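Below, chain A partners chain B and then partners chain C, in two separate complexes.
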Partner chain A sequence: MKSLLSLLLLLILQASPLEIEKEIYKIIIGALLPNKKIVKVWIDNPDAFSAILRLHKIRLVQNPQKADILFISKQDSFSKISFKKIIFVNSYTLLKRYQKGVIGGFFWQKGRPNIVFLRKPLQLHHITLPPDLQKYIEDKL
Partner chain B sequence: MQRGLVHLLLYSLLFAQENIDGLLKRYEQEAELSKITKIDTAGCLYIYTRQMLEAMQAYTLADVLKSVPGLLYTITSNNLHLFSAPSSSFIPATAARLYINDHDVTSASFGSALLIWGDMPIEYIDHIEVYKGTSAIEFGEETAIIIIKVYTKLAKREMGKKLRLRIDSLGSKSIDTYVAKSNQSSLFLYWHGADTKSKHYLKQNSVISRDRNDFTFYTRYSANNFSLEASHYLLNKDPFLGYGRSQRALGGGLDAKHSYINFNTNFLGGHWNIAYDRLNYNRVYKDAKGVYISKGLIQRFRLHFRDEIFTIAFKRHLKGGKHSLLLGGFYKYKYFAQKGRFDTIHTNFSNSFHLFTLYAEESYCIDKGFLAIFSLKGDLYHYEKSVKDQSLAIVRLGVIKNIDGWQWKGFYTKTYLPVQFFALYSKDNTPFITDPNLKYPTLNIFTLEAIKRDTNYIITYKFGRRNIKNLINYFPKTGYHNIKKRLYYTIAEVNFAYLLNANNKIYIDLVKGINSQGTYSPDIQINVRLFNTYKMFTIYNELLYKNSYSYYGKYIKDSLDYTMAIKYQISRDLSIGMRGENLLTKGFRQAYRIAEAYPINDRRYIFNMEYTF
Partner chain C sequence: MRLINTLIALLITAILALIGYLYNATHTIEKDLYKNLNKIFIDHVAEVSKHIELFLQRYLRSNPYIQLKNNPQLRSLLQEALALTAVSPHRYVYVLYRDKRGRFRYLLDGSQEDRGEFNQKLDVNTKQWNLVYTTKRAQLFLHKDSSFLYITYLRPLLIRHKVAGVIAIDFTSELPKTIAKILSPAKRIINYLFLLLFILFLILIYQLALYMKTRKKAMIDTLTQTYNRNYLKIFMDHIDPANYAILMLDIDHFKKINDNYGHKVGDFILQETAKIIQKLLRKEDFIFRYGGEEFLIFIKNSNYDDNYLLKIAERLRKTLENTSFEYNNHQIKITASIGLITNPQKYRSLKEAIKQADEFLYQAKRLGRNQTYFSNDYTQQISITNEIQLIKDAIENGRLFIEVQPIYDIVTNTIYSFEALVRIKDEKGNTIYPTAFLEQIAFTTVYTSLTKEVLRQAFAIIKKYQIKLSINLNFSDITDSVIFNTIIEEIENNRQCAQYLLIELLENESFAQFTTLQEKLYQLKNYKIQIAIDDFGSGYSNFEILKQLPIDILKINGTLIKEIPTSKVAYNIVKSITSLANSIDIKVIAEYVENEQILNLLNELHIQYAQGFYLGKPRPLEAYLQDFV
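Coming up: the complex of A and B.
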């Protein structure tokens, strides 16, 4: 038992940023699509969303039309997609620019990682976030 | 198999139980840039993370360097920063190098960056790494045995603006602000201005002051595959005791500025760097009993240096199987001009040199947890005038091996210290008697480290021994010369870090130094640093003990420098803080040959406000 506790503590101290990022995306995807067992994901840049690629319950799709959720890191990508989809970004600039259509973002700002969900797009998609994510909802940027 | 499944289950449980707030906090800590830039093989390493710097409310590089174990960051009689090692006198200026984002800001004239940048502001700095007993090959740069690497904040992580205001009980005031933007490209802009007051002493009609004011501008633009940096640092400093016979300065001081541009890109499978530096350094001294130069006693000493440095550097990492090879080289052109006015004597001359360097470092993984390192570097100095060419080599051998839960690191380095221009060359030997035939001091350095990492503590034992031949010294009558005798230095250190949890940590360092020349500074250091967070409060306590010492017959009693900082986070974007330095007024006192000893840090209370938007 003692060795198990030590191992647990060691894991707490040694989890890599990528592993933690993966867990954060797992919570985000789970909150946005709670009823999907396998989530169809489209990403515009594998390097920017490598943590998502490590998740088990996702299926990567090549066509954004067939995806349940779109993860976007580049401005150019917005010309290829439909705003009717759930869109999540990794940049404050993109979130601010497309705040009417983008549901949220996970990005670095002011030297710290931030999660933001936008109220109107959430309502548009009839999504109610779990209680522990409610405080990350903003009306606008 | 069973054990693997248990591990997997525990790992899943670990994340399942953690809420999003905890994950974000841990993500911030684990994604610290200090974990990316550090080089474990480069020497004994001390890291000051962003979290630590913020808790310390550190404002200048001096606030940080004073707590590095095994180094004493002190001030010379003419108000310049230099290191001394426990028990030793000042370490040669050329032994330490300072890098800002891997750009060397060392001067060509006097061979050190700390004389100007020693008080640089660090609000734009993300984290600081200090390497001791290194050779600089691992960084692909010029040789040094102490390397200070400061890394600026990244625009893509800052994305916003910040304002920091500061005042203190001695009347100092400062402002720092930056703007960071990032999209496909990123831009970081930083401005700093400070007017820093010190405690004044009145000695027979002379005001002894270390007041200074400085201004900094820094910008970095990054896009796709390149980054471009530009910086300008302007510094004015009072002379403190000055440079004269009585060490009672009657005015003058230091007036310096340093500008650089630095371009980095990846090309042809390697990393390329092109940089240009320009530095102006003006010193004026007047003393109650005059200033002694090689031509006799004068009333007014005025010396102006101008440096220009052009750098082109290349390096490439080749990895395959058990091998990791770093190959690189650089060319530097360094120009040095000196103008002097010493009463009626005027001087005006210049010199320059070309430095060609090639290096290689092989890290070979013998086995899991067993690494062997071999480094080799060749330097060729070709001078424009008078000074003979120098061809020198650096060799470094080392092993890192894990044995029974301990990590052992052993390194042997054969290296040298470059000689600064103003010791090698002058016209008519004014104001100093120079020697173009000076030999470059050579060093043999042996270091051994044993590190034990457990879930909540890290303990490190360090032992180092070095000998130096041809150290350069100055006597007013004979000028610069090599000390033929080999000098020995030994240091033993224990560093203990106890991590109660992510918010509560204690660091204890014990250091003992032995010097074959005698004792010129405290030979025992004990540093205790505590970092605590309680709700919206962040508290930092720092106790630096140094034992008593004698300096040319002067007895200086032991010192205890106590610093405390407390910060209250009003909201996510706004914080206020207070930092008290040398609170017990028993901080370290530096002894000087003629003048009495003075405390390096004044007692002061600093009020700090930080706002991000």
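Coming up: the complex of A and C.
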């Protein structure tokens, strides 16, 4: 709730898209891995996830096997990873294509930040989202 | 000064207010233009959305979601049609519907880029979008929280009077940029105008600063950095005399400093003196350089008593006395004399109060210098000051003139010389004789001015007629450096005529400065000027004079001459003075020859020169010219 408030404040103050992204990723990571003090993150493209790199409570890992969560922006990356991991993408296309293994996605559409969580992968990982994020859960795409 | 400052302040305020108003007006115009252009775009998009609705209504039935889900061809057709309207500045044109869970999803998207898929969720501001469903009316909202989106126009897609979806048209920040582009030439002109006005204002400020600087320069004495007489005139018009005490301070024997050390040192002393005075006084006090080495000081008087003001004056004087001025390894000490007026408001005008301060200053000098003089007997001071003013006015307005009385060589019965006698005409044309005014102006600057004017007129006569002419001076005039310098200055200006000048000195004082008197008389003799002792045989007459001073003529006291027909003593005194004078080659002139009997007795006493009413009364020179030339 606190995080959502700060996001709202950011929006009101017309923060830069990067700042908004940073806050959204903070909320997402916090919701998916609520018990982790330091979250080990693997990303396939630093340019696509520069906002994540700005977060404090994450540790970037080189090996996707050692990561708690994977952030993917390229289709090629799916060949390198295990679908047992929590996977998050940054496009609707990837999300739709890999909806069975990907837990969710965050992307910009028409200048608006869009968040989608997929119910089945959430259940597979035994993740219950906080109430304020429930509205972003989709059954299928 | 205050009025000008107020006017300047008002002018600057008015200009600033005008600039402020213009600045505000420019922005209001810009805002209005912006608003109007915005409205044009919005009106236009309202029309476009209306046509889209009409167009869609032709194809869609009660449940567009089911219809479009089952008919991809229709979807494609309608999207292509929508795409025709998705042109700058409305970038995104799309239709969303609200699902059962209240989420908004795409039905159609005609956007050229970032196109959403059918039934894809779009996270929108549901509160505003829901309004379209509840009100069934178009909504417009500004994206204050986005740097990318500008305005979103929402129109309900009504099918059978029910809201089946929302037609959305997004304006991106391209729109304000487009408007700004349209406004830019007008804005540029306004900005240039504003800039021009601002530059003009800066020029005005610069000119004003320049004017103030020049004006200040014109009011400040460049040497001492104190105010000068120009500012004194303005200052006097704007102050209440009751709020000030006046000090007239003069450096004693300043000429000696100039003579002994040079003018550079003199200037240095003046600068340092001014600094000391400034340091000892407060900001609310005013210092003016009144004359060469004379400072006029206005002390802001906060109900101080006379003694306190006297203490201030004395502190100034003592500080100057105790200061040792060092210049090029020379240690120079000075003293100053001060005339103090504690209540200037008791005089008819501030000008008169200053004159009185000047008189007090002379009084301080006369009493031996290095002291402060003041008096609180205002009644006497005021009447004297009034008379002095009358005399000053007469001198300044050319009402001072000379009459002459002939001095005859009674042996040859020809005119030997003339005695110049000063007269003043008052404003009504009445002639005023020196006995009525000389005493009052003694020891004031007016006396110096009078001496200068008499000498100027005397030399003008000598130059024109080449005749011997005598003028009357006191011993103190010779010893007073100010008056003596004035005399020397006039003599220097008329050096070739100096030999015709005769100075009659009146013994009106004891000879406190005998050495100075002697030196200065010899200095006059260098110009071949003849020196006479007037009224010899009375008052301070002292035969020592004949021994020590370069005397050419003795004018025997008129009272003695008048008495020679009746008093044997007078006769014999005159006889012995004549005999003594003849023996030491000094000429004798008998005054007050009022009748033939006296004239005959003078012949008997072998006195060669005589003057008096019997021989010729004081008259304008022209009256005697026929006899003489």
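Basically, the second predicted complex is superposed on the first by the 126 of 141 C-alpha atoms of A that agree within 3 Å, B and C clash if a C-alpha of one lies under 4 Å from a C-alpha of the other, contacts with A are read in each partner's own complex, and residues count from 1 in each chain.
Rule of thumb we're sticking to: a residue touches a chain if its C-beta (ideal position, glycine included) is under 8 Å from a C-beta of that chain, and two chains touch if they have at least 3 such contacts.
Since we're looking at a predicted model, the values are computed, not measured.
Engineer: Given the touch rule stated above, what does A:111 touch, chain B (first), chain C (second), both, or neither?
Structural biologist: In the superposed model, A:111 contacts both chain B and chain C.
Engineer: Quick check on the superposed pair: does A:75 touch chain B, chain C, both, or neither? Answer first, second, both or neither.
Structural biologist: A:75: touches chain B, not chain C.
Engineer: Looking at A:131, would you say it contacts chain B, chain C, both, or neither? Reply first, second, both or neither.
Structural biologist: neither
Engineer: Under the stated touch criterion, name the partner, chain B or chain C, that contacts more residues in chain A.
Structural biologist: After superposing on chain A, more of chain A is contacted by B.
Engineer: Scan A:24 for contacts with chain B and chain C and give back first, second, both or neither.
Structural biologist: first
Engineer: In the overlaid three-chain picture, which partner chain does A:91 touch, first (chain B) or second (chain C), both, or neither?
Structural biologist: The first partner, chain B, only.
Engineer: Which partner does A:16 contact after superposing on A: first (chain B), second (chain C), both, neither?
Structural biologist: Both partners, chain B and chain C.
Engineer: For chain A, which residues lie in the overlap of the chain B contacts and the chain C contacts?
Structural biologist: 11-12, 16-17, 92, 108-113, 115, 136
Engineer: Going by the contact rule at the top, pick out the chain A residues touching chain B in the complex.
Structural biologist: Listed in rising order, the residues are 4, 6-13, 15-17, 20-21, 23-24, 26-27, 74-75, 91-94, 107-113, 115, 132-133, 136.
Engineer: List the residues on chain B that touch chain A in their complex, please.
Structural biologist: Answer in residue numbers: 6-7, 10-11, 14-15, 18-21, 23-24, 26-28, 30-31, 50, 153, 156-160, 162, 181-184, 455-456, 499, 573, 612.
Engineer: In the complex of these two chains, what residues of chain A are touching chain C?
Structural biologist: Residues 11-12, 14, 16-17, 92, 96, 108-116, 135-136, 138, 141 of chain A touch chain C in their complex.
Engineer: Which part of chain C faces chain A closely enough to touch in the complex?
Structural biologist: Against chain A, chain C makes touches at 92, 94, 101, 103, 111, 114, 116-117, 120-124, 143-149, 170, 172.
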